[in-house]
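Right after this note come the structures.
In the two complexes below, subunit A is the common chain; its partner is subunit B in one and subunit C in the other.
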Partner chain A sequence: MIQKLVNILLVEDDEVDVMNVKRAFSKNNIKNELFVAGNGVEALDMLRTSIVPVPRIIILDINMPKMNGIEFLKHLRDDETLKNISVFVMTTSNEDSDKINAYNLNVAGYILKPLSFEKFITSVATLKNFWSLCEM
Partner chain B sequence: MVGANILLVDSNRAHFENTLNVFSQIGIQYNLCFAKDDIQAWLMLTGDKKLSPLPKIMLIDINAEGINGIKLIEKIRLDIDLKSTLIFVISDINNDKNKRAALNLNIAGYINRSFEIEEMINFFSILNDYWNNIEFSS
Partner chain C sequence: MEESVKSCQEELSALKKEYEDFVYIVSHDIKTPMRAISNITTWIEDDLGSDVNPDILNNFALLKNRVGRLEKMLNALLELSRINRTEMELYEVNFPKLVEECIASLDYEQNVKFQVEYHLDNESCTTVGKKLNKVIFNILDNAVRFHDKEIKNIYVDVSENESEYEIKISDDGPGIAEELKDKIFAIFYTVNSKDVFDSTGAGLTISSKIVEYVGGKIQYTPGRDKGSIFQINWPKIISLKN
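Take a look at the complex of A and B:
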């Protein structure tokens, strides 16, 4: 069976981090279409207007202007049409409160961005392998 | 997460024993616990003799006979101490209704399982890498 490629929405305000994700995707030969939103408000808009088509998953930063990752998650889980989307947090925040809030809003994983790009590539490879197991 | 508990809910004890063997072969550091159905699982999560520490990861075969997996996940999501549990649904049966219901309850993944040892080793190696790649609250 050929599984339809899942569309990935990256919610990230830092342009360098967006570029790093794109490079890590390329290094890992990840072919899924990648959409980028600069904050939670923009991300909700892109999801509600179906700019990001179904099926979709979200990679979410925590510290962002306008609407941070935790606020975004609350809106997502309160929205009947969006609440079932899988969310993977990818952040530099090692705050326990962020981890607790994110898991209470049922993210599928909380990933700390490694400092080195090599380790980041490995981290994305692990995600790719996990996604390959999952049905959407 | 060395020493942390993972709860497997599966109607077949032999599957648990095979999974234990696979954990040992791969060198997975988690302590695998077993519940034969949703009722026993709920007692292990909330009863007088509940697991300590409570598992942050659960593996549930929601399509196994005698397990009401969706009801169990619903109860977990409504419980203040359990709602954050990372739940991986594993099944060898295609049941689209249960899959939709589980995904709506924000499981971490819906995964087709195999009972072939080689495939189990590959499957749990990927899952273990993923568990080691993510952060948990302390």
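Take a look at the complex of A and C:
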């Protein structure tokens, strides 16, 4: 049986963070296709028009212009066709309110962006372990 | 009269909101570029490969160390600004257990000797346990980290009177020079250069703010033969100041 690789949608407005994820993918030898949206509005559009094909997983920042991560999650969970997608929050926000809001919207994980790139590589490897299970 | 009270309350709410926004901006918006500096440094280092002048590598290490320091300072500022908002739960605390936990969380080696004594009628009390833990941990941590002798003795003595607990933490380390003792509770102040001891200089500031917030007192006195004594007067009944 051929494994179907999960497609990853990264919703992130910071260019360095996008490059960080790309580098961490390459360091971890991750072959999944990576799509990038700069905010929640763009992300919803990419999901609804199937620019990001199924199966898909979302890595989501919280603080973004136009539509932030929490607003995006509300829209996602209200949408019958999108509500089952696994979402991992990856943010610098250590605010309890952001964590509670995110978990109330059924996120699969809440990851604080570490300062060092080495630790970030490890975080991405952990994520990869999770979505590999979805690919079985 | 009523209107002026209302206007004061509105002004207070606006100021509180402004303060909260400021804290949030510090926590998120400054951290993002700071992380970017750290990350890009690692990328450049990585891209340069293995054949690099050691001076350059040393400068990279310095750069990363200083960004790390900046992150710690920023986290300390955030912690300081949120003392009255986080971990405020009152629950039953057993003093020996709490001190034991603090000691267990410390990073220390075999040459550190702890002597703990309790003079209590009741070893349990209801208090803001996490805050008390933080204060005791910070002072013990300083006692261990800044100790200058081969064998490091640290003493903890917990007693009580009618209204408060008196927690005395002393050591036989270098002590603090008389002319510096008023500065040690200031944010980011370190007795030694931050290059000598990798310290943020926020532990005592955070501890004293916590103690002040619960209505207690913390003071430093020099030990009889050098060394330091920190005395915490922690009220039995917590009155939280807003």
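Going forward, the second predicted complex is superposed on the first by the 132 of 136 C-alpha atoms of A that agree within 3 Å, B and C clash if a C-alpha of one lies under 4 Å from a C-alpha of the other, contacts with A are read in each partner's own complex, and residues count from 1 in each chain.
The rule is simple: contacts are C-beta pairs under 8 Å (C-beta built on N, C-alpha and C of every residue); 3 or more make two chains touch, one makes a residue touch a chain.
Please read all numbers here as calculations on a predicted model, not as lab measurements.
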Simultaneous placement of subunit C and subunit B on subunit A, clash or fit: fit
Partner chain in contact with A:92 - subunit B first, subunit C second, else both or neither: second
Partner chain in contact with A:32 - subunit B first, subunit C second, else both or neither: neither
Contacts of A:16 with subunit B and subunit C, given as first, second, both or neither: second
First (subunit B), second (subunit C), both or neither touched by A:63: second
Touched partner set for A:7, first subunit B, second subunit C, both or neither: neither
Inter-chain angle, subunit B to subunit C through the CA centre of subunit A, in degrees rounded to a multiple of 10: 80
Between subunit B and subunit C, more extensive residue contact with subunit A: B
Contacts of A:127 with subunit B and subunit C, given as first, second, both or neither: first
Which of subunit B and subunit C A:116 touches, first, second, both or neither: second
Touched partner set for A:108, first subunit B, second subunit C, both or neither: first
Per-pair minimum CA distance [subunit C against subunit B, superposed on A] in Å: 9
On subunit A, positions contacted by subunit B and by subunit C: 94, 96
Footprint of subunit B on subunit A - complex, ascending: 77, 83-84, 86, 94, 96, 99-100, 103-104, 106, 108-112, 123, 126-127, 129-130, 132-136
Complex interface listing, subunit A residues touching subunit C: 14, 16-17, 19-20, 23, 63, 92-96, 113, 115-118, 120
Interface residues, subunit B side, partner subunit A - complex: 77, 83-84, 86, 99, 103-104, 106, 108-112, 123, 126-127, 129-130, 133-138
Footprint of subunit A on subunit C - complex, ascending: 24, 27-29, 31-32, 34-36, 38-40, 42-43, 64, 67-68, 71, 86
